[in-house]
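Below, chain A partners chain B and then partners chain C, in two separate complexes.
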Partner chain A sequence: MAKRWEIEKDGKIITFELNKGIKFSDGTELKADAVKFTVEWLAKNHPLGQETFESAEVVDDYTVSIKYKEEGFFNLAKMAEFHMSIMSPKSVKPEGDPKGNFVWPIGSGCFKAVDYKEEQYAIYEPNPYWFERFGLKPKFRRFVVKFIKDEDTRVMALKGGQVDAISDFIHGGSDYTPRNQLSVLESMGFKVFKRNIPLTWIIAFNYKKEPFNDVKLRKAVDLAINRDDVIKIFDKQVLPAKTLFIEDAPGIKEAKAQGVIYEFKPDEAKRIVEENGYKGLSVDMIVDKNQSDQILVAQLIQQKLRDIGINVKLEILETGAYRQRRDAGEYDMRLYYIGGTDRRFYLRMFWRFYPGQKWSAYVSDRTGELCKKILKEFDEKKRKQYLVEFYKAIHDEHGVVPLYFDIMTAVTAKNVVADYYHVFHYPNGIPFGEPLFYYVGVRA
Partner chain B sequence: MEVVAFRMGIFRNTLCTLGLGIIVFIALMGLLAPIIAGDPYKTNMSERLKPPSLKHLFGTDQLGRDVYSRIVWGARTTLLVALTISIISMTVGCLLGAIAGYFGGIVDDVIGRIIDTFLAIPELVFNIALVGIFCVAYGTSIWNVILAVVVTNWVSYARVMRSIVLSLKEREFVICEKALGAGDWYILLRHVIPNALGPIIVLATLNMGNVIMTISSLGFLGLGVQPPTPEWGQMINAGKNYITTAPWLTFFPGLFIALSVLGFNLLGEGLQEVMGKTKAVLE
Partner chain C sequence: MKKYLIRRVLQIFPTLFGVSLLSFSLLYLFPGDPAEFVAQIRYGVEPSPQIVEEVRRELGLDEPFLIHYFHWLTHVLRGDFGVSWTEGEPVSKLIMQRLPASAELFFTTFAISVAFAMILGVISAVRKDKAIDHFCRIFSLLGISIPSFWLGLILIWIFSVQLHLLPAFGYGGIEHLILPVLTWSFSFMAIKTRFVRSCLLEALSQDYVVVAKAKGLRERVIVFRHALRNALIPIITYFSLSIHHLIIGSIMVEVVFSWPGLGSLLVESVFKRDFPVVQALVLISGVVFVIVNLIVDLLYAIIDPRIRFGD
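For the complex of A and B:
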């Protein structure tokens, strides 16, 4: 959408020059006023917008200057977030009013929303202006997305032929096709499409409280986990996390070269437990009942820790009760995820590792400072250096225990003609971060 | 005389013997679990989802645990939980039913209406709601299931006890006791309740089957006993997605649920027959 951008005042102001000829699904052209409107609307109506934007100024028809609340690279990273999709001022009533009510999604992506009901369904048709812009002809007439919350019900809907494909609602921790089902589905003839993303499942500790405020105990847990066993739960459909993120993630290769690798050393783990008087220690681990994958992983972890002399009491809770316990800090360990799709990498880094965040995974003085530096730094090389230091710090402090790298998936029925390219690319060939229906700007 | 005739009757009755045989078999299985089965928690990721073989009689599950060991240990869980529920609900139900029947009047009205109210609520739905509430309020515990089932289960005992006591309190031996100056509670506890126990035992036996079904249903819905503790209903839940690729994960727990329910139902029905016959013989 943006042709180029200029950064002023360390990123407090970024001026974007827009590409010409981009049209909304209603045929009107996307110009600077739409960007200004979206920024102002988000600043009033969306938590992410509220904490990000100060104001926006139209410089000319195709140039818009956005003023941010804080300085830093993070502002730019956040613009890739789907919440920030530019919408037509006609999407709200009164038209173009930043305080207006959202009435209908009008975006500039390849799909046009024709009908939707929140938490039920959304129906899309091709956005003719998008296809025209790239000289393409749409190969579909209609695209219906059904909202099925429960993971088992979703798999059953595919098996029963009610839907042609199921895909992840890839926020990371919720609503995805159970990974332990992928092989079963494959063996039944369904097609499983996977893409690696920098999303990692971890053990998160209640590290401010005893007993996990002790780095030695965290280290013992870290060394006790055999990640190659963890992925067997998923028939090796996912990869073991021996680094914090997949190798494609920025700075991981460099950190790995410097020895930042998570290893399985049960004897050493056992020795640490015994030497520090933790033998027979009882801790609890909370698990969300609605995630069959995590229930299995938790049971395996329980066994692995039992092998080194730590008893884990599993508490498998309803989602509501789980969140309550999580937010109140009433747990010793839990399974959690860090990272996300590529575009969400830095946003999730903020949520999980920046000081003072509600849904954090681990923050120490050292990692917190590094996280601040990473999110501030515009220079890619320097940012990478900070990232390497950050990975090192988390590893030294055993802040989290990475378990496995999650993936993005789509599973299609036997009769669906699709290949990897179709599933993970826009019709114009640009790869995208997550399942297609996300990109139409429907806040359904 | 009565007891001897009754005992003879039990062993002569096919239903009784068969039912008792099944129950004794499952109870022994649970009792001898440490001897006849291995560690039900031991995972072995290189042996996951293996079909039944000599090494693993009932195959292995998603974490490579021996399904046979989990079934055997699961018998303990299921029977213990069912027994606890039955004992508590029988005690509560019988006492309330007896009080209602014996004292009559406003006491009977109040207890009677409470019973009616509970009877009007679909049992399993109520159980599900209660377990959910208890989980949020008290965290996960096996007592959530026990309490939730007891709350609905005592009603059947109370209802039967009340009607038995209604007829018993008009009998001569009660009137005699009253004439001799015995107190109400003495008569109730020493004479009325012991005389009503026959039908209650039959009811308890039949009820055990229902309770096992309820525990398993709650387990299947993920509301009962929580993993990794082996429990049959929960094992079916964990195995349901593998029904096409690893049917042994659901078949064996299902089989044992059916067997134990069948055992208690057969014994209950048999007891009913025997009691009828004993009464006829004595009369």
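For the complex of A and C:
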């Protein structure tokens, strides 16, 4: 959307020059005033906007200057978050009022919202202006998203031909096509589109209290976990996390080259446990009942830790009870996720590793300082260097235990015309975590 | 009779008060911080402690229990259940949007289940310990034992995936109604069949049936004119009280078939900790149950004078 941007005062002010000719789905042109309106509306109505924006100023029709509350690269990274999407001032009533009520989504993306019913369906049509901008011709006339809560019903609706595609939804937990169904669907002739995303499931410790305030014990747990066994729970559709994030995530390849790898060494784990007097230790692990696959993962961890002499008491709790225990710090271990889809990578780095965050996974003086530097640094090379140091620090301190990398999938019927590139990339080649359906069609 | 009527009507007020208190208390009984749930759902991001506090204040969760309850009750008495914490819509509007789908599913299931339960229950009682009775009892046992979500998935697999005859999910024409009704009716009628059978068996063991038989009356007359009519009182009561299923009875069926009824609204609201909706649904369900109970009691008194005099 932006042609170029200028950074002032270490990123406290960023002036964006917009591309000309971008149109909203109602045909009006996206100009600087729409950006100003969106910034002001978000600053009034959304926590992310409230903590990010101070003000916005229209320089000319296609140039807008945004003033942020804090300095740093994080401001720019946050602009990729979907909440920050620029919307038409006509989306609210009274029109263009930053205090106005949101009434209808009018954006500049590939879809134009036509109708929706909460928790039932949403109907879209191609936004002709978007397709025109990228020189594409839409392959569909209408795109209907149906809400099917039960995962098995979703799969059967696809098998029964009542829907043309099913997709995962991963935003703070997951609701996805059962992983053990993917190869079955593929063998039946359905097309499975799968992308590894920088979202890693981990063991998070209550590292502020005994016994996991001891790095040696955290190391023993880390070495006791065979990640190749973990992925069997998911029919090997996911990858074992032998690094903190997938290789495509910034800095991971470089960190790996420096030996930042998570290994399975049960004998060493056993030795550490015995030498440090932890043999027979009992620890509590809390699991959210809503995440059924995580119960299986937790049971596997329980078994692996029993092999090295640690007894894990599993407590499978309703979500509210789980959160209560988590917030009160009444647990020793739990399963958690770090990272997210590509665009949320830095935002979740802030939530999970920045000092003072309620939703953190692990913070130490060293990792906290590095996290601050990463989110401040505009220079990509330097940022990558800090990231490598950060991965190394987490590894040295055994702050978390990576288990497996989550995936994003879409499964389509035989009559759906789609290819991997278009499902996971924008027309300009930028990869995208969630499946995009702008260039799919259904053969009659 | 008048005194009995007044006394029974007055008795429901403490019950309704108890129901309202219990419905409201759910907010405080559920584990977890509702403000955190609501903030996360509303904004789609992990909220900071400040945002959670703001939401808590906005929702009035920082008020003492009794003040909060009093505010809520005064609004409820005026028919105002408040505004959904996550949807921003009036609760009554959300309920009215879902009521038609729930009513359609419930009343169809109810009608089919009652009809079959009566037929199977009577056959089973009259042909006690015969092959048909064993069949009906096994059928009832299966209906009680098989979980609705499992049966629903099996029916989807047969009729949607294999035969391509019926849709697997959604709300719409009559074709969407068949599988959810079939799934729910199976368990719904199973319990009722057992009940009809046991009530009728009890009636058939009474002295007046022996007398009727001694008089040489035909079996059909004994069963339908004498035994069944007497057995109908507990049967009608039991069937009438199942009205509360209108709201909470179809949760599993609604989830499996993505049926947009009140059961799925209740489940979604519990998961989202949208307490105004949960409280309203629990309260309405309780009130409906209490009122139906009252009507049945009053009808009892009209049908059977022993009840009001004995009382």
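One rule holds for everything that comes next: the second predicted complex is superposed on the first by the 390 of 444 C-alpha atoms of A that agree within 3 Å, B and C clash if a C-alpha of one lies under 4 Å from a C-alpha of the other, contacts with A are read in each partner's own complex, and residues count from 1 in each chain.
As a convention for this text, contacts are C-beta pairs under 8 Å (C-beta built on N, C-alpha and C of every residue); 3 or more make two chains touch, one makes a residue touch a chain.
All values reported here derive from a predicted model rather than from experimental measurement.
In the overlay built on the shared chain, the residue A:D10 is in contact with neither chain B nor chain C. Applying the stated contact rule after C-alpha superposition, one finds that A:K146 touches chain C and leaves chain B untouched. In the superposition on chain A, A:E247 makes contact with neither chain B nor chain C.
Within the superposed three-chain model, A:G160 lies in touch with chain C and out of touch with chain B [touch as defined at top].
Taking chain A as the reference chain, the count of touched residues is higher for C when chain B and chain C are set side by side. Contacts of A:S292 after superposition on the shared chain: chain B is touched, whereas chain C is not. When the shared chain is aligned, no partner comes close enough to touch A:D115: not chain B, not chain C. Touch criterion not met for A:E54: it reaches neither chain B nor chain C. Touch criterion met: A:G320 reaches chain B and chain C at once. Across the two superposed structures, the residue set of chain A contacted by chain B and also by chain C is 152, 317-318, 320-321, 324.
Of all the residues in chain C, the ones that touch chain A in their complex are 30-33, 36-37, 39-40, 43-49, 51, 87, 149, 153, 156-157, 160-161, 164, 167-171, 255-258, 260, 264, 268, 271, 273.
Those residues of chain A lying in contact with chain C across their complex are 46-48, 50-51, 81, 83, 117-120, 146-150, 152-153, 156-157, 159-162, 171-172, 290, 317-324, 327, 347, 351, 358-359. Put simply, chain A touches chain B in their complex at residues 152, 155, 178, 180-181, 184, 187-188, 226, 229, 232-233, 289, 292, 295-296, 299-300, 302-303, 306, 314-318, 320-321, 324.
Per the touch definition, chain B reaches chain A in the complex via residues 41-43, 45-46, 48, 62-63, 132, 135-136, 139-140, 222, 226-228, 238, 240-242, 244-245.
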